[in-house]
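Several structures are given next for inspection.
Note that chain A is present in both complexes that follow, paired respectively with chain B and with chain C.
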Partner chain A sequence: MSLYLYGGYTGTVFFILVLVGVYYALSGQGYRFDFGWFLTETSPYMWANLGVGLTISLSVVGAAWGIFTTGSSIVGGGVKAPRIRTKNLISIIFCEAVAIYGIIMAIVMLQIIEPFDADMARYEVRKANFMAGYSLFGAGLTVGLCNLVCGICVGIVGSGAALADAQNGSLFVKILIVEIFASVIGLFGVIVGIIQTSRVSMGNKA
Partner chain B sequence: MILSSFKMVDTKLTVRMILSVFVVFLASRAAAEQVPTIMWSSQSYLHDLPPARAGHSLSPIDLQHDYLDTILAKHPQLIVLFIQDKLSLDDFSQYGDVYNGNSNGGLFSNLKSSMDHASSSLVLASELPASPGLHGNQVATYLEGRVDGSVIPVELSLTEIRTDGKKLPLDKNCLIRVQLPPAEGSIEESLRRNNDIIGSVIKSLPKEIDFTILLTANRPSKVSVVLPSHDSLSSGRHLLADGDAIDDSTFTFINATKDSSCAVYLYATDVSFLVAKLDESTPFEDTVNLTGVVPTSQTVTCANGTVELALKYSDVGNLKNLDMIIPFDVNKRQWSLGNITLQYNYQSDQQTVRGSDMLVPKFTATPRKMSFHCDKPNKFKELSTDKDNNTKGVITFQGLQVQPVDISNGAFSDANECVGFFTAPIWMGLLTSIILTLVLAFGMMMIMSLKTMDRFDDPKGKTITVNVAD
Partner chain C sequence: MAMQELYFNIDNGYLEGLVRGFKGGILRRTDYANLVQCETLEDLKLHLASTDYGNFLANEPSPLTVNVIDDKLKEKMVIEFQHMRNQSVEPLCTFMDFITYSYMIDNIVLLITGTLHQRPISELITKCHPLGSFEQMEAIHVAATPAELYNAILIDTPLAPFFVDCISEQDLDELNIEIIRNTLYKAYLEAFYEFCSQLGGTTSEFMCRALEFEADRRAFIITINSFGTELTKDDRSKLYPRCGKLHPDGLAALARADDYDQVRAVAEYYGEYKPLFEGAGNNPGDKTLEDKFFEHEVELNVNAFMQQFHFGVFYAYIKLKEQECRNIVWIAECVAQRHRTKIDNYIPIL
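And then the complex of A and B:
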């Protein structure tokens, strides 16, 4: 049933876009089907703010998913083996770190967004502002998606760690090493995001 | 059974319907070249004449043979002929207050009341005679030639018609011919004046004689404009335009042609030039309207890759002179507008502003063989004001259509509109909405996959009862 729902929605959107494209092609207006126009005419603010939104929201989704996976295992395992409850909070903290990466990146990206006068801008100013918009969008996707999958991964590993710990206490530290590797990939995303946004600036000067 | 019998009749009906539609189509091509001929009489013999057929316009011969001869044959009567300069059947619908049930006929009130009191009437549509024929005058000549009584022409500016001074022979026909004055001022005024004249003539007719009154015109008031590029049968509509009303001051058309390969057409419904002085203490601004002003000189130069249109305006209001160079960058696939350079000299009582500016337009490139059209182009922005003199000069066009290359058939080619179907803001909204609906879809998918735990469900086991103590 849900397959029909999502298939139908995707199919409708795709059909409408194809219809518009074919109409342009067949009515001699093929020159209007222009991605370059789309990229240069849409406002860089849209791209920049989409980037900021994606950063924080996808990171939080990843963190939340991880926490609920780990949390339910800890709570379940803690019924029979109460000693695991405190030790396994580390997994929760690893998941939380992913959300913290997201919000830090979002605040860094927000500071870059400045107003500029689009009509009066010289070519170099427009170039710099558009680059800033696209870079922030790219950084948002980078950081957001990295943190999303990192959070999911840490959550599943943490859940396994909690249940293994409940069975045999010496297993916890070994599984924690796996979890540390899982957590590093989120950090990779943040590093790349920082590099992407470090050299851009918006405003009337650039 | 009913359906099959219906089908047998249906084909004949369809063929007939198609044929009649075709005929009406062809006839309507000539609709705008018809002139109405309206006749009404105190006797009822007009009922015996062949009735008017819808869409059919009578040739002059038919009109004379079938209708005018019968009118002339009736003795004795008074034939009154009103000839208006221009009249169409559409004028009655437009000015005759026809959509009101209790109307008195609007600007044709006397006509309506006279026709209502007549015993019989006919409304016919006549073809125009071969050019340069004037229909009303032709009818008048025909009747004058054949009427056996006297012909009384009525002067135009008469407010009181004197027919009692002349003796009307009671056994012969007489023709009173009234040439209604040509249109001056607005159409309503001239129709009202004609109405008054018709009313006073009819009132002054002697009551004891039978009369037949005809109203016709020399030319139709609405002419059809046929567009040359359309096939005559495939265009189902005509532009009915009032032929006299083209006003040259409502648009600007610049046709700068050097030879067949180097020509620029520029059309705008509004051209205005804003001049300003950017002093902080005394800011000054003025707009000069250049619509309809013919430039002092317009030259076009073509080099490979660029076409330049140079316009010079002098002495328009307070603007002493304005030199404008509009360059176009042309390559094999497209052309686009380059930076416009302006030099202006403006002098008024308050201020003298002199300067030069460059405007950078932000339009997309247009494919070759197409013109560019923009209704409200707001992209001519001044980007480099003349900082020495601290002045600003900006030219704005409205309803602009321009084509610098590949002009064929002396007209603009198909236009590349500056506003397409999907504008940039629409795309931005679509993109953001799609992202949000994706998020919504994802969330819905997650929620709908939640399941309650059913590991320990046992339909055959004991149900749990919980006692609630009060």
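And then the complex of A and C:
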């Protein structure tokens, strides 16, 4: 039932957008749909701060997702097998590491944001600042989304590790290796994010 | 629902961990090897104390009887199930309620039969399975006719929709009580199958397979048991649950069958059921068909634990615990009666 409702809403919205777009195209006003105007008129500060926001928020969502997935399994499995409780906190630590990557990247990105004089600036200065804004946004997406899926992945594997450990203690170390590989993908996101933001700078000098 | 791994643990993570912990306490082959060595029921109690059961028989007065052991085994399973049911939320709680409906059907049929034979209600209530208890149980003896029973009492129980589908008010008066039981069970299985298919994902994958086997097994057993009775072929085919693999061709063939060999011929068409009929026989030393069905069921249910993030583990756990109770009671009976030739006929689980 709700499928029909959401399908109906999306269909209506999409139809209206298509209608507006076709109207503009057919009435010779196609030039009004100006993506270039949008990019040059929006402030690079918006992009940069969106990037910082995405970094920290998506990383935290990923870490939280992983922690609740693993945590509830540890609590359940720990009832009949209390020995798993301490060892499996390692899985929680791997999930938490994802959030730490996010905050480190967010702080690194924050340091780059500097004020610049938009009206009086030379063309090169404006170019550099816009690039910094877009780079920070891109880096935010990179790091945020990588950490989101990394957190989810580590969580699901950690849940399996806890339940397997409860049945057979020798399985834990083997599944931990899978978890280590899972947490590396978050690190990949951080590395790419660092490279994206390493060469940009904002400010009046450029 | 796709990608169950992402959000299954929000509501059900703790309970899945808990039920897997309970499953780890199911008796293994070494435990059974110890149990069959016992000479008396006191020995049995001692050996059970070192398993997950612990001192569950500690407060029972000696001499122990097999009935007492059976009751206490069931009580432990019921306590575990009730704990999990109390913690669960939708849709797991509806799923667990569906599991209890089969016990409710057995209880209702027991109470109706007992009332027809003028047994006191208190005696009947003690014989009911605790998992299938419902609020109106005490009131069953008040109704004079089955029709009144339905209108006054059963209509408020969760089983009311199963009565509505198949039995009308007039039928309740005339039908044999076993036919009522089988018709109710058929409606229950089909409703459960529908519910599980709509849940989707791994749950429906496992549960539909388990319920298909249950439906087909009932079809075979009803057919075999009806040879030599007054049940007509039409009536018999109305009792077959339609949610199994045998539907529709196998069920039509079973409805026409006249003896055991024809039933076996129907089973030959189905890859899973052919080996079950092949090994079975009534000679001493052979496994009976019921045993083969139980073995196959245990195999199916153990596989539930191979996948994570689905509800099938709860259903499988109850079925495996039931089988364990049957095993221990079988061994206890053999020990109590000192008739040890068939003591190894239990079905090993893990």
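Throughout what follows, the second predicted complex is superposed on the first by the 182 of 206 C-alpha atoms of A that agree within 3 Å, B and C clash if a C-alpha of one lies under 4 Å from a C-alpha of the other, contacts with A are read in each partner's own complex, and residues count from 1 in each chain.
The rule is simple: a residue touches a chain if its C-beta (ideal position, glycine included) is under 8 Å from a C-beta of that chain, and two chains touch if they have at least 3 such contacts.
Everything numeric in this text was worked out from a predicted model, so none of it was measured.
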Using the superposition on chain A described above, determine whether A:Glu41 touches chain B (first), chain C (second), both, or neither. first
Now for A:Thr86: first (chain B), second (chain C), both, or neither, which partner does it touch? neither
In the overlaid three-chain picture, which partner chain does A:Ser198 touch, first (chain B) or second (chain C), both, or neither? neither
For A:Tyr6, decide between first (touching chain B), second (touching chain C), both and neither. first
May I ask you to decide whether A:Ala166 touches chain B, chain C, both, or neither, giving the answer as first, second, both or neither? second
Need the overlap of the two footprints on chain A, from chain B and from chain C, as residue ranges. none
Interface with chain C, chain A side, in the complex: residues 65, 68-69, 71-81, 152, 156, 159-160, 162-163, 166-167
Chain B residues touching chain A - in the complex, by the definition given at the top: 334, 364, 367, 381, 383, 414, 416, 420-422, 424, 427-428, 431-432, 434-435, 437, 439, 441, 445, 448
Which bits of chain C are touching chain A when the two form their complex? 5-6, 9-10, 13-18, 20-22, 24-25, 308
Chain A contacts chain B in the complex at 2, 6, 9, 13, 20, 28-29, 31-32, 37-38, 41-43, 46, 50, 57, 119-120, 122
